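What follows are several structures.
Both of the next two complexes hold chain A, though its partner changes from chain B to chain C.
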Partner chain A sequence: MPRVEIRFAGFGGQGIGLLGRLMGEAIALYMEEKNAIMTQSYGPESRGGASSSDVVIDEGEIAYPKATHYDYLVVMSEEAYHKYIPNLKEGGTLFVEENLVILDDHAKKAGKILKIPATKIAEEIGSSLYANIAMLGFFCANTDIVSEDALKKVIREKVKARFVKNNLIAFEKGKNYKG
Partner chain B sequence: MPRVEIRFAGFGGQGIGLLGRLMGEAIALYMEEKNAIMTQSYGPESRGGASSSDVVIDEGEIAYPKATHYDYLVVMSEEAYHKYIPNLKEGGTLFVEENLVILDDHAKKAGKILKIPATKIAEEIGSSLYANIAMLGFFCANTDIVSEDALKKVIREKVKARFVKNNLIAFEKGKNYKG
Partner chain C sequence: MSKTIQKEEDRTVLTGEYFTTGNLAAAEGALAAGCKFFGGYPITPSSEIAEHMSYRLPQVGGHFLQFEDEIASIVSILGASWGGWKSMTATSGPGYSLMLENIGLGIMTETPCVIINVQRGGPSTGLPTLVGQQDIQQTRWGSHGDYEVIALAPNSVQECFDLVIVAFNYAEKYRLPVTLLMDETLGHMSEKLIIPKKDDIKIINRKKPKDDPSSHLPYKADEDLVPPMATAGEGYRVITTGLTHDERGYPVLDAETQEKLLRRLINKIKKNKDDIILLEEYKLKDAELIIISFGISARASKGAIELARKKGIKVGLLRLITIWPFADEHIEKLAEKVDNILVVEINSGQVTREVQRAVKGKANVHGVLKHGGTIHTPEEILSEIERRVK
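Here is the complex of A and B:
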């Protein structure tokens, strides 16, 4: 597997940083011969309401740790979609929070577009806070990056205890969602 | 302030990633005109027991997010010291877990060396798990990167609830430690 670049993006409060961290930890635990780097940016941009985190995976040392041409772009907000769709690779995979993003012609470059009402699913469990993990379950089911078991294990380990149960439910619902 | 590079390093289980994350979040909250990027690496290296995380701060966009020539190097293990001391800038600041690291001639390049028995301090509170936050308090007291208030706020927000109280104690003890 050559270098793989994933960008997660949305707005502050959606737990975008956690997505990158869970992916990074899961890869660390279960992909024995891969390196991964997780990057999270903070600054005026993040205070302005936008949030993004990157995971870059490669077999050897990772010379440049930020994602610049995404194999996978996961957008949880309209702003994130417009900002980052230019850097999705031709033929790359686009994951979309379908009730928060309206696609335009730029999305045509995607080889695959996968849509999920992650926030609505999360609200049915009790809080929109779980939308990120519903998206993660959906991402897991539709890619071969990292196993379901690895992600569930890191959810149990890394998420605050009182949120674990509902996050695992959100993960399952996302995983089983058929767009 | 020009670009500032910080590397935290130690072994797995010391909560090195959390240090980077707390710094990044604190900067995001309280340094209005700065950008910051936090990077955490995973891979064979991290499974081998080593762990590191970087925070890079700059006024403008951060072109290269990994730390390569550290203004501040914080080492919590002997291995981390030997591995990363070559990349400390001449005149940079070296923070050391003094019971876990034996310095050698390479440390002479440091403009300042600050030592703290962070693990011992943490054990006095009840667990070596708090050593990272004792180090963070010590770092905070001896640098002008980010305020005490900002760091305490993110500790309250980001650390698991049952560990917050003791982590705040560890932070205070680190902050007040005189080497």
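Here is the complex of A and C:
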């Protein structure tokens, strides 16, 4: 597997940083022979406004830690879509929160577009807070990057105990969602 | 009592695999090195180190104190060291500026301690949340007077852990404040950290005097130019002064004493350069062009080397893990092999000028420079490589 770059993006409060952290940790600690680095927007720009986190994955040593040309772009807000779609690779995969993002012609560069109403799914479980994890389940089911077991393990370890159950439900619903 | 200590000891080295940030790795490295005191004033992008130490130090029988500013913080860790504790502070550029005067005091009083500078863009308050590598020369020359320092620059989360331990070992062995030059990107990025077993971590502790306390001379050095260090309460006289002093530790304000003292303080580092200088050589054997870099910029450089080699351009990297003392001799030898050396750094040429000095005209030295806020992309460095090999 060559180097893979993922960008998760949305607005502050959607748990975009957590998405990157869970993905990075699942790969770095539980996927054999894969390394991962997670970086995230930090500072005033990550408070309330746009928020993003990057995961770079490779089999060997990862030299450059940041994502610049995304193989996968996961957008959970309209602003994030417009800001980052120029850096999606030609033929890359675009994951979209379909009720929060209206696509335009720029999306044509994507080789694959996968849409999910992640927030609505989360609200059915009880809170829009689980939307990020529904997206994570959806991402997991539609890519070969990370195993379901690894992600569930880090959700159990990293998410606050009282939220684990509903996050795992959100993960399952995302995973099983067929557009 | 002994039971409590045993329980506390168990938490010092949290052996295992983690996915964590450079800042947290550095804090855990300090604890693994035996750090028992942190005095600090939180500042972005280093704050997580202070936060983590405030939570972890009480678990290992250590002490955390937050002070009113960085001046008090640096003085507190000097005092803690003389009290027998391994001590540390963490800051960023503006805080480091405030600490400089008393880093000089640490050098003059030969006080082992570690200062982590998680660099951000400057000058002044500059870019609190964004990367810089602009404090390289400040670390070397920022305090007044004439002296040698030791500074190390990690380039991965793992190295943040490993090199804090090396920093403590150097501080204890050579008796001086040692600076770890991190940066915002490294401090905040997450990757895998392996914390080894306690027994597999090499720890150096300061030499203790063994002579008769009644005739003990606290600044009489051994052959390695480092005096054994007694701490308060061990029966030996403990005396410190920022004034020029003799072997008794008494101020003697004349040229002869100054000459003798400074010669020793400088030579204890200079004559041990081979022990202190750590370097990584990457694909240098067949290199037609050499990049010299350090810290996070060395990783961007490696990315550029991958791209260049795909295009058939043979580029190698010398990574300075030890920034100070500077690897003059090593760089001069490398300069004999190539026409051009690129220096990649996030400042206006602070290491570039050192490389220019070290090569003694044997190669052309070009800085690949930017002023902070973001790290180089491999493509940016590649375009400089292509410009120089044509």
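A few notes on this one:
Simple rule for what comes next: the second predicted complex is superposed on the first by the 178 of 179 C-alpha atoms of A that agree within 3 Å, B and C clash if a C-alpha of one lies under 4 Å from a C-alpha of the other, contacts with A are read in each partner's own complex, and residues count from 1 in each chain.
We adopt the following convention: contacts are C-beta pairs under 8 Å (C-beta built on N, C-alpha and C of every residue); 3 or more make two chains touch, one makes a residue touch a chain.
The structure presented is a predicted model; accordingly, all values stated were derived computationally and were not measured.
Superimposing the complexes on chain A yields a three-chain arrangement in which chain B and chain C clash. Contacts of A:Ala161 after superposition: chain B is touched, whereas chain C is not reached. For chain A, the partner that touches more of its residues is B, with chain B and chain C as the two candidates.
In the superposed model, A:Met38 lies in contact with both chain B and chain C.
In the superposed model, A:Ala28 lies in contact with both chain B and chain C. After overlaying the two complexes on the shared chain, residue contacts for A:Thr68 are found with chain C alone; chain B is out of touch. Overlap of the chain B and chain C contact sets on chain A: residues 21, 24-25, 28, 35-40, 42-44, 62, 64-66. For chain B in complex with chain A, the touching residues are 17, 21, 24-25, 27-28, 32-47, 62, 64-66, 160-162. By the touch criterion stated above, chain A contacts chain C in their complex at residues 21, 24-25, 28-29, 35-40, 42-44, 61-66, 68.
Here chain C touches chain A in the complex through residues 17-19, 44-45, 128-130, 184-185, 188-192, 296, 299-300, 302-303, 305-306, 375, 377-379, going by the rule given at the top.
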